[in-house]
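The block underneath contains the structure these notes are about, expressed in structure tokens.
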Amino acid sequence: MKAFVVEAPFKASVQEVAEPACGPDEIRIAVERVGICGTDHHIFKGEFLSPYPIIPGHEFSGTIDQIGENVSSFTVGERVTADPTLVCGACYYCQTQRFNHCEQWGAIGNTVNGAMAEKVVVPAKNVMKLPDQMSFGEGAFVEPVACVVHGMNQLNAKAGDRAILFGVGAMGQQLVQALVKVGVSELTVVDVEEDKLALAVEWGATRGVLSTHLDEELAEERLFDIVVDATGIPAVVQKAFTFLGPAATYLQFGVTPQGSNVQLDPFTLYHKDLKLLGSMAINQTFIPAFHWVANQRVSVEHLIRRTVTLEDLAQYFQDGPTAKDMKTQLQI
Amino acid sequence: MKAFVVEAPFKASVQEVAEPACGPDEIRIAVERVGICGTDHHIFKGEFLSPYPIIPGHEFSGTIDQIGENVSSFTVGERVTADPTLVCGACYYCQTQRFNHCEQWGAIGNTVNGAMAEKVVVPAKNVMKLPDQMSFGEGAFVEPVACVVHGMNQLNAKAGDRAILFGVGAMGQQLVQALVKVGVSELTVVDVEEDKLALAVEWGATRGVLSTHLDEELAEERLFDIVVDATGIPAVVQKAFTFLGPAATYLQFGVTPQGSNVQLDPFTLYHKDLKLLGSMAINQTFIPAFHWVANQRVSVEHLIRRTVTLEDLAQYFQDGPTAKDMKTQLQI
Amino acid sequence: MKAFVVEAPFKASVQEVAEPACGPDEIRIAVERVGICGTDHHIFKGEFLSPYPIIPGHEFSGTIDQIGENVSSFTVGERVTADPTLVCGACYYCQTQRFNHCEQWGAIGNTVNGAMAEKVVVPAKNVMKLPDQMSFGEGAFVEPVACVVHGMNQLNAKAGDRAILFGVGAMGQQLVQALVKVGVSELTVVDVEEDKLALAVEWGATRGVLSTHLDEELAEERLFDIVVDATGIPAVVQKAFTFLGPAATYLQFGVTPQGSNVQLDPFTLYHKDLKLLGSMAINQTFIPAFHWVANQRVSVEHLIRRTVTLEDLAQYFQDGPTAKDMKTQLQI
Amino acid sequence: MKAFVVEAPFKASVQEVAEPACGPDEIRIAVERVGICGTDHHIFKGEFLSPYPIIPGHEFSGTIDQIGENVSSFTVGERVTADPTLVCGACYYCQTQRFNHCEQWGAIGNTVNGAMAEKVVVPAKNVMKLPDQMSFGEGAFVEPVACVVHGMNQLNAKAGDRAILFGVGAMGQQLVQALVKVGVSELTVVDVEEDKLALAVEWGATRGVLSTHLDEELAEERLFDIVVDATGIPAVVQKAFTFLGPAATYLQFGVTPQGSNVQLDPFTLYHKDLKLLGSMAINQTFIPAFHWVANQRVSVEHLIRRTVTLEDLAQYFQDGPTAKDMKTQLQI
């Protein structure tokens, strides 16, 4: 089959490789769509824990193509998506509801071969069937939404909370919709581009503010109950802290470069009764996210602004992501 | 001033009464709109704890008309609504976050004179200013939404939960929107009228089922994570219990006649890890509800299907509520 | 090896059976201690879902005797206990943190052969090593404590809550200690025997009340924040409901006979903002329970009032449990 | 009456002042015991928001001496303690369950005259009667325990969590007992004095570690689920962060000097799913704390190592707190 193989950082091409075969309890999927995210770029650039060579691709959908031993609840031809997360289910963290901290944590497309290929093999237990009204594009979008749902679980918002969100790129746009779905009232969004702010407002934000106008526009404002970073930029994080009101909650959703510290005054943490939270990947949130997408609680189709082919991928990664694209998906 | 006075059960009329005067820390409101709800009918019929004579009216909005001593944060002419709840702030329950169980609990329009009059006096601390974009109709709708928000706080839904709601009258329609705003995915609604089901689906339900078709339509269905009663009918409650899935949560929002028991099997409660919850009125949820309404997280304007005048009221209560009306508001 | 085999309801004896062998990812334990609980009596009497013939025993400890393929973190001779729960990890309920509602739910000693034998085979992932200071008796007590911890997770008590507990048999005595460990202040316990009440008071209850003196002794009392049933008697459940105060929580820990309904007034559920909860078995609470027992947060040694041998078992089950014994353990 | 008056920073003496009189809804207490805490030292040194002159004293107990208008539930001669917190009950934060962030926040002994005097006047709603078995020393100890309970509410520990606590002075010793009462299993405590570590172990900690031996003793340790600072020392906070395990919670209970930043890596916050929380004073936790103390869930008598008289106070504050004292109380 054809696959996009990253042989080493910055060295990637479409190659003819052997089709993977289904082991017991596994399913093989003929891939249709694969969402591309920051992690894929990190793998391409050698900034991630992946072994090389590797076939990336952890946000995907397709059609069942082969069924392994012991698998009885699926049939060939069914349209599906799958949670890429691989956990042992046996370690201390798996057994105390912290699956994303599994001692053997892995993920399809990150630590083992993924979906940027004609076929991908996955554990049957990770697979969800797409209902008729759900497109392959949506199917391949459940994975990022599952990260967002984990973020919402961490956040534990209260009805009526006033929120501010920094960064409304692909993830931020989903966070806008998710924040509305967990009860916020006002939702101010901040970004460097007018277009993205406008899109966020269309989908539930109450106000967009350009990052350059932040201080003047929010000068008179009561501080917020919820502050979320989805930029991954340390300077933005530092700034975001200043918007935390009494008993407010901060969510670190964006992934900052490792080792880039910000300043935190423990007196403020104490005195304002703050909650500063992180949210990492997926913790048994794939099924809830699936239900959200299937029922259009989070709409994602409009975020897929570009599709590419296997042949385009090498160049695509060379060029790097462009802000205009929001989500790019690979169409096999 | 003119006021609608219920002198005794089933004995009510518009009368000329003395204007109430503002005491310290109080505000007088020239009333614009008053929502009518089941409790008002109960007061009219003598089925509530009210003293007589009483002026009902606990869901209201209007314009500030007079300002009492010590009140500095309001000015005459401001458009406002107010939480009708009166609590002591001092008792065991007030001091352990159970204000709706205050040992001195009262409410404007229930235990003291309310807003079905040209003027009403309220504690300044209960008052919220309406932003420009918020109509008097919406202002008078914050109170029922505040009950709904308390229900959502009790419920504590998880992102992706599958829900079923019985009864989509005036409260049920708000619950539909609220359930979406706290994260449900699928939301089946059940009622006896097609119209109401259709309206619920328009505002976020995923499927409407006539109560007469319940068993056949849901026969194949996985049981639900959330079951809510908003009918207040014991037989519906009993039926609703049968839709509770593993580790599901049931919310008793509807008010059944006192003393009308249903059967509960404690084995099922245990074996399914169920949570059966009640939700009574407002517990510091007026401000969150206000924010939800002000930001259109819950839309209510379309539920106001009829307005009546002070002069209409006696006849209106005589006739009793009609299903078609959803919410009726008094326009002063 | 010797094993206690229940061939059919009321037909049980010690037999010589083949030693079970370790499959991959499994461990074989030379059994030391096995706690006997109500479920074992139900299996003996044919009142449980078990297949026959079966070797019961789901609360156990022992020494590792053989190690299966792929298991690297254990060695022969280590002292251990194990969670008897068998879940698929793959179904809808397993993947939404409701492992005790797994569609394939099973348990060692309930649905497959258990520990009332010289050897028992268990999945390696279920096994926990006993620290030196932890006795085999304590090791075999982690399982019931894990049920109690699940109950506490359901309950979600607040610091200072006032509680009443019905039934201080073997489980109730653990619940007393657990309720203290999740923050209750006053803790009234009710039972039919003075001795048990005294023991409960020794271990953290603040007052013991004989069930026959209930009404007179609690007549003047403020109603409770937390009410727990650990008798499994429907009449007690019905009575227990009457002690629920405003916004109180009820926990159904006791297992009542299936189909024995109690009366519930939905008006009360609504009007008091009640929470009625069930707690069924273990939901990823074996590790927390293990830590509680290992650190003496819940002390159990004094509840083991009787030990029996394999040879005693048939007679023991014939006689049925006696109130004086609290916990009986089998010593192999 | 005699009172200890701080006229200006570092200028304080016992003076004869007019007895304060009870206003409506108030109660006057003839003071018995007053706990002295860090805040009192800050007031003495001019490092707090207090106006001068002021009579400090916010942790107190005594006997009712006079009763104001409208107060019906108390009688002269009753033994009592009182929550020093003064909140408006009307502002945005009071009405959204954040009383400790009240826009008009004040406290007896901090912003108005307190209990270091023969008499003190307090709002009746703040008063709690001491049961017979509760000493004046314990009564004056409810206030700090109420801070600890707020900390526990913020923390929201799970049964079985493994915890480490830095600083076992007066507050840390209460935190040790409280952490046990909210479900921790292992509890490592760190301090600079062996004596305090030993005392902590006596009251529920599982291990004491000298701060100088921290790295070597915990080198092999699994990271913790809960990390609490009760030193208020920024360098300790920075160190404490390194003990946070996957999905761990950090509680800033200690009060660091304002403006003394520590370094926080947002990548770690994200990647470990951390929760960093603050806990400031009392948020409707006086009643729960009262119940905990009254029922000996938190024992405090042994922490009162020294009592002083009004006449001793000036010298006492001049000398500053000494580590050996744990809690010093003023005996009037």
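Note that the chains take the letters A, B, C and D in the order they are written out, and that residue 1 is the start of every chain.
In this text, a contact is a pair of C-beta atoms (placed from the backbone, for glycine too) under 8 Å apart; a residue touches a chain by one contact, two chains touch by 3 or more.
Predicted model, so just to flag it, every value in this text is computed and none were measured.
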Along the shortest chain of touching chains, how many steps lie between chain C and chain D?
1
Using only Cα atoms, superpose chain B on chain C and state the rotation angle in degrees, rounded to the nearest 5.
180
Can you give the whole-Å distance between the Cα centres of chain B and chain C?
43
With centres defined as the mean C-alpha position, give me the chain A-chain C separation in Å.
40
Residue list for chain A, restricted to those that touch at least two other chains
92, 96, 287-288
Are the chains arranged, by touching, as a line, ring, star, complete graph, or other?
complete
Can you name the residues of chain A that touch chain C in the complex?
88-90, 92, 95-97, 124-125, 284, 286-288
For the complex, which residues does chain C have touching chain B?
92-93, 96, 98, 100-101, 154, 160, 222, 229, 234, 237, 246-247, 252-280, 283
Complex contacts: residues of chain C adjacent to chain D
149, 152-153, 158-162, 178, 180-186, 206, 285, 287-292, 294-295, 297
